[in-house]
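Right, I'll just put the structure down here and ask away after.
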Amino acid sequence: MTGVPWMPVSAFDALNWLGLLAFALAGALDGADNDLDVLGVAVLGVVTALGGGITRDLLVDRTPVALTATADVLVVLAGVLVAVFLVRNGRRISTDSLAVQIPDAVGLSAFAATGAIVAWDSGLSAFGVLVCAMLTGTGGGAIRDLLVGRTPGILVEDFYATCALAGATAFWLLRSAGAPRPTGVAACVGIAFVLRALAIRYDWHLPTVG
Amino acid sequence: MTGVPWMPVSAFDALNWLGLLAFALAGALDGADNDLDVLGVAVLGVVTALGGGITRDLLVDRTPVALTATADVLVVLAGVLVAVFLVRNGRRISTDSLAVQIPDAVGLSAFAATGAIVAWDSGLSAFGVLVCAMLTGTGGGAIRDLLVGRTPGILVEDFYATCALAGATAFWLLRSAGAPRPTGVAACVGIAFVLRALAIRYDWHLPTVG
Amino acid sequence: MTGVPWMPVSAFDALNWLGLLAFALAGALDGADNDLDVLGVAVLGVVTALGGGITRDLLVDRTPVALTATADVLVVLAGVLVAVFLVRNGRRISTDSLAVQIPDAVGLSAFAATGAIVAWDSGLSAFGVLVCAMLTGTGGGAIRDLLVGRTPGILVEDFYATCALAGATAFWLLRSAGAPRPTGVAACVGIAFVLRALAIRYDWHLPTVG
C-alpha cells in the first residue's frame, strides 16, 4: 500500500501506516479476547491489517504487495507487539476507545483511497472501484470476524463500510470528471474520515430493511 | 458472464441474467431474514449473485468480469431492489417458493455452463472443469452462508451442486469427444436444469455417509 | 505440488502424496462426523488436501496446479474413498490416532516446503515465504474448519502451524545464505516434521497471551 510515487512519504504513506498500526492492534486485541494462542493473536492482527489489501490485489490479478514489500509488514508486527504488551500488562485499552477508533478511522479512509486508486489504475468499472475501496478498507476486519466465528460487523451493525463507499464514490466522480489523482485521493480520505468521525461521535447506524 | 460471442443475447445471456436476478433476490431476502442492515442486505445479494463467478475468475487467474462489465451488475442491483421493496411492503414471497426456485434453477444451470466454458478455455483438467462449474453455480450461495454463520447448504442438505456437476460432466465428455461448444452448453444447461427441477419436485436429497 | 524437477519422484513427491492422502482422509472423516452428505464429505476431503496449495497459487498469481494436473487429484480422491469405506464399515480409525497423525505430519512438512519453494521462486519477501509455507501446510484445514463452523484449530489450540513456520524460516535462511534448493527443502521438511512429532508426543500447545 506504499510506494505511490506522486506524494511524499510523509503524507499518504503516514496515513496508511497509522491505519495498519491501528488495524493490527485492534485485530490482535480481538484475538486475545477470544482466547487464541500467541500465533492466533499474531495471525488475527496480520489478517486484520493486511487481509483487505491482499483480497484487493487478488481481484486485480497481481501478487499482493504485502508479500513482496517489507515496510508495511514491520508496521503491522509493531501493532501486534503493542497489543501483546498491553494484554500481558493488564490492558488499559479497549477497541472501543478513541485511542483505537480514531487511528482506525484514519486507516479506513486511507485504505479506501488506496483501493480506489488500484481499481481505477486497473481499469475497473465504477462498481469495481467501490468494491475494491470497500474491501481494502473493511475486508481484513471481515475475515477476522469470520475466523473467530462472527458475522462480519460491517453487515449488521455499523456505519463503517458506508464511509469507504462514500469516499470512493467521490474519488470516482472526480476522476471521471478529469480531476487529477491527488484531488480524488484527498476527497476520498476527507469524506470517509469525516463521515466515520461523525458516526463514532453520534453513534450512527444503518437502518435494517424490515 | 455475458459476452459469449457465439450465441445471440436473447438465449444464453437471458438465462444468465434470470439467474443473476434470482440469486440476488434470494441473497438479499436472506440478508433481511438475518436482520442485516441495508448495506448488509445489498452485500449479501451481490455476493450471492456474483461471488461464484468472481471465485472462478480468481482460479483461472483473470480480473473478475463482474468488476469490469456493467450489465450483470445492473441486473444484480435490480434483484436487490426488488427484495428490499418486497420486504418493506410485507413480503409475500418465500425463498422456497417456486417463483424463486425455478429462476434459481435456471441460474444454477447457466452458471454451471459458464464455469465449464471458462475452465475449458483456460485449459484446466476435467477436475478443474467440475470445480469451476460447481463454484460458479454454488460458490456465491456458499459464501453467503458463511457470512451469516451457517455451514454452506450445499454440503449438508440438498441435491443442488450435484446438478451442476452432472451438467459439467456432460459438457466435458461432449467437448472431449469433439462436440462443438453450443452442444456442450445445451447439454450442460439441460441436464443441470432437469435434475434440479426433479430434485425440487420430488424433494431429493443426497444421502449421508454414515 | 508435484513436478519439482530436481528430485526423483520417489522422494519429495512421495512425501507430498502421503500428505495429500492423509489430509483428504482426515478431512473426509471430519465431514462424516459433522453429518455432511456424500458430496459434502468429498468436498471437505478435497478442500482439506488441496485448499492450502490453491490459496498459495492464488497469492503468487498463477492458475492452481490442482486444477491442471491430475496425479494429485487422484491421490486425494483415493483418500476420500478410503474415508467413505471406513465410515461405512464401522470406522475403527480416529483422526487423533497415530495412523492419521504421522502421515498428516509428513504432509504438513512437505507442503510447507512446497509453499516455501513457490514463494521463493516468485520473488516474495521473507514474510511472503512464511505466509505461503504456512498457508500451503495449514490453509486447507483452516478452510475446512470454517466450512463446518469452527474457528480454525491452528489459531486456538495446537502446535501445528508453528512447525511449518520454523521449517520455512530455516529454508529462507539457508537459501538467503546461498544454499542450494535441496538443502533448504531437506532442512524445512526435517525441522517441521521433528517439531510436529515432538508436539504430538509431548502434547505441546502454544500459550495464550493473557
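Going in written order, the chains are labelled A, B and C, and every chain counts its residues from 1.
Criterion: a contact is a pair of C-beta atoms (placed from the backbone, for glycine too) under 8 Å apart; a residue touches a chain by one contact, two chains touch by 3 or more.
A quick map from chain label to UniProt name: A, B, C = Trimeric intracellular cation channel family protein.
For clarity, every value in this text was computed on a predicted model and none was experimentally measured.
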item: Chain contact graph, described as a line, ring, star, complete graph or other shape; value: complete
item: Same-site or different-site touching of subunit A by its copy subunit B, using the half cut; value: different
item: Cα superposition angle of subunit B on its copy subunit C, in degrees to the nearest 5; value: 120
item: Gap in Å, rounded to a whole number, between the CA centres of subunit B and subunit A; value: 30
item: Junction residues of subunit C, two or more chains touched; value: 58, 61, 146, 149
item: Subunit C - residues contacting subunit B, complex; value: 31-32, 34-41, 43-44, 54, 58, 61-64, 66-70, 73, 84, 87-88, 146-149
item: Complex interface listing, subunit A residues touching subunit B; value: 58-61, 119, 122-128, 131-132, 146, 149-152, 154-157, 161-162, 165, 205-210
